[in-house]
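Working notes, beginning with the structure itself.
The letters A, B, C and D name the chains in turn, as written, and every chain counts its residues from 1.
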Amino acid sequence: MANGLFPRLVAASANRWRNYVGHDFVMLLANGELPEACFRRYLTQDYLFLIHFARAWGLAVYKSEDLAEMRRAQRFVAATLDVEIGLHIDYCRGWGLSEAAMAAEPEAMATIAYTRFVIDRGLAGDRLDLETALTPCVVGYAVIAAERMADPATRLEGNRYCEWLEMYAGDEYQSLAREAEAALDEQFARRGGEGRFSSLAATFATAARLEADFWQMGLEAQR
Amino acid sequence: MANGLFPRLVAASANRWRNYVGHDFVMLLANGELPEACFRRYLTQDYLFLIHFARAWGLAVYKSEDLAEMRRAQRFVAATLDVEIGLHIDYCRGWGLSEAAMAAEPEAMATIAYTRFVIDRGLAGDRLDLETALTPCVVGYAVIAAERMADPATRLEGNRYCEWLEMYAGDEYQSLAREAEAALDEQFARRGGEGRFSSLAATFATAARLEADFWQMGLEAQR
Amino acid sequence: MANGLFPRLVAASANRWRNYVGHDFVMLLANGELPEACFRRYLTQDYLFLIHFARAWGLAVYKSEDLAEMRRAQRFVAATLDVEIGLHIDYCRGWGLSEAAMAAEPEAMATIAYTRFVIDRGLAGDRLDLETALTPCVVGYAVIAAERMADPATRLEGNRYCEWLEMYAGDEYQSLAREAEAALDEQFARRGGEGRFSSLAATFATAARLEADFWQMGLEAQR
Amino acid sequence: MANGLFPRLVAASANRWRNYVGHDFVMLLANGELPEACFRRYLTQDYLFLIHFARAWGLAVYKSEDLAEMRRAQRFVAATLDVEIGLHIDYCRGWGLSEAAMAAEPEAMATIAYTRFVIDRGLAGDRLDLETALTPCVVGYAVIAAERMADPATRLEGNRYCEWLEMYAGDEYQSLAREAEAALDEQFARRGGEGRFSSLAATFATAARLEADFWQMGLEAQR
């Protein structure tokens, strides 16, 4: 695992990765002190994010070289459009946010920046570039939830955000993230080479930075 | 219907459309006299075609402007990868063709020409360009099967190709084709304009020509 | 002109366009009171912007339907890579910014958001979508400079930013902008239709918003 | 050089490369016995080819990772649109073919197949995939001309096609081809890796096959 592409990308991203996975938004969510306005802002933008996340995986279907690759991308499209968006809408309703209200909200600059950066890397580069840009999202949420669950400062009882943490710390999401790591390794073996590492690391570091900006956008809703 | 985009594209394509839907390959298939080598050649290349057809619909997921558009494209990806390819492989097995043998076959020039033409129109243009390029395939097969079923020269009994005709003449495929026509109209209303018609007609006519070349490629297997 | 696509897009964008062309950054630049740190921040990010601007016009070469369209896109690629980037580097040197220093600077979120939004619209849509997304940049700078030149509050003497204003208010840039407007009209006639207007207006309004965010990013450098 | 990517791709393509560079069309052109109808067919389709060749290099501008890469792609766009197409039109006029007549000709299936295959590889993959697909064209013509010039069976005196051979055997084109080979090596070092070789070799072999089909399309004009 220490030799996998993901830990190498994390190691190369210096503080960009830590700034993302240890962002104040995450720490406040874990101890239950995140203002609700921040979480609602995040939930709304995350809804808009999911639409472009599904588009990015549609692009990955197109960029596949064989049926197995295609089916893996298709599973992400289906998981997003058939399951995640529905669950997200249900969950948001519990927070007083209707789908119509979220769909009517303009995309925040941070949402545009991350989603379109991913899509551009995916179109300008190949599927390995695309998946590398998606990794801070797909794998990052699993890392964040696992780290917070292991942190004594995290408070689950009476924490409004407990359900969110438990979903991403749960077996289902954790194993999805491990599969994504393995898929990245498999693609690096097939389409990578040490010469590509610095470009992939730059993509990963920028994506991690834009994910941190996404938390920051949520946090600034308290103002 | 006479005012729909599809009949207008057919009318504008002159003999290109007739050359495709009334190609000798189709007439011989309908009267049962098509040499088996031609049909096997077609089946093998159609397997390779389906992979790029699924890629084109993955691209359509990416090119969608809203969730409804995305879900329609996703249904074609799923129908192709989860159902059609499987059915095709089963059907081909009955003709003595294994999936491994088909996957090992090089793509014919006609297969490359049509599939990559579609993809290029889809990437250079917008989703209406993409779906227009796909229409001779999606709607054309329904037209071909319905026309042949209505033709007294068609022979079903004792015709080895009867199952193929019945599948595309069946309610399920016919209604899928009608939905595709309606979707084209809806997109032309939303993204079209008379100024685009000549470009769309050129795309449609070239796609119909390349579909006729695809039949021709099958027919030439008898040599 | 009042019937052209550009004035219609401006009218439909409500305050988004005014927030962009009348942004504080612009007003302070015109009266000479913009802090130099803000202008340097802008110059550096504009250098990074130009690279993606050239990429977007490269994409337009690909998305062209005929030689004339291709050559118009090629002129923008050449103008950017052969002339503008060079002039920008020379001009920035006068502000104490070396090319190496600018190239080493990370792209600001605002730079990523606008450039990748343009590229994604261009890839998901057709060339009209692409050029619509580029219009707030190409035509907007001409509008900004002309408006400020006509404003009595603008001060040219002793204004460090006078050269910038004069370049974009000059005949060469003003006529380039008018040609871009005419090209937009020509494409709307050929590939547009009233059904597309709301989607084009949404693209234009978002692009104008992201351009305002770009000024804001410059302004925040004073902190 | 024997370790360069190009000779490795040639070696891996088996008979595909030989079928292309030693195609009957080429041998007959070199000994002056190619029917003029075949050459005119080739010239007309080559004009249509050049338009998509320029589009492919426009795509390469978009897919560039830095200014140097972008400028190299821009040079091909400019060489094609500003020089080659013009020279081609002049040369074709000498063969009785007007630009209008060539532009009115439908693209042959072989022209569509090769150009759109290149574009699809370029969009689905990264710039190395794109340039690999272009190599049989860019470098192949230099190899063909050099091989024929060294062949005692080649006849220059009284050969109507002598000018064609001399252009591609000339220093200018030969050095352009050598630069393209070097650029391929540079990209393979930066974005490649042994894991990618089989996929690149498959792209190269298919492109070489489609180039042979392009000659064949010319040759069949004699019928």
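Operating definition for what follows: contacts are C-beta pairs under 8 Å (C-beta built on N, C-alpha and C of every residue); 3 or more make two chains touch, one makes a residue touch a chain.
Since we're looking at a predicted model, the values are computed, not measured.
When the interfaces B-D and C-D are ranked by C-beta pairs in contact, the top one is C-D.
Ranked by distance of CA centroids from chain B, the top chain is C. Look at the contact of chain A with chain B and you find the same residues on each copy: over half of the numbers used there are shared. Separating the centre of chain B from that of chain C, both taken as means of CA atoms, is a distance of 43 Å.
Centre-to-centre separation between chain C and chain D, using Cα means, comes to 37 Å. Averaging Cα coordinates per chain places chain B and chain D 31 Å apart. In chain C, 55, 62, 119, 123-124 are the positions where the chain touches two or more neighbouring chains simultaneously.
Of all residues in chain C, only 62-63, 65, 123-126, 129, 188-196, 199 touch chain B in the complex they form. Looking at the complex, you find that chain D touches chain B at residues 55, 106-107, 109-110, 112-113, 116-117, 119-120, 123-124, 206, 209-210, 213. Remark: chain D residues 51, 54-62, 64, 67, 70-71, 73-74, 77-78, 81, 85, 119 touch chain C in the complex.
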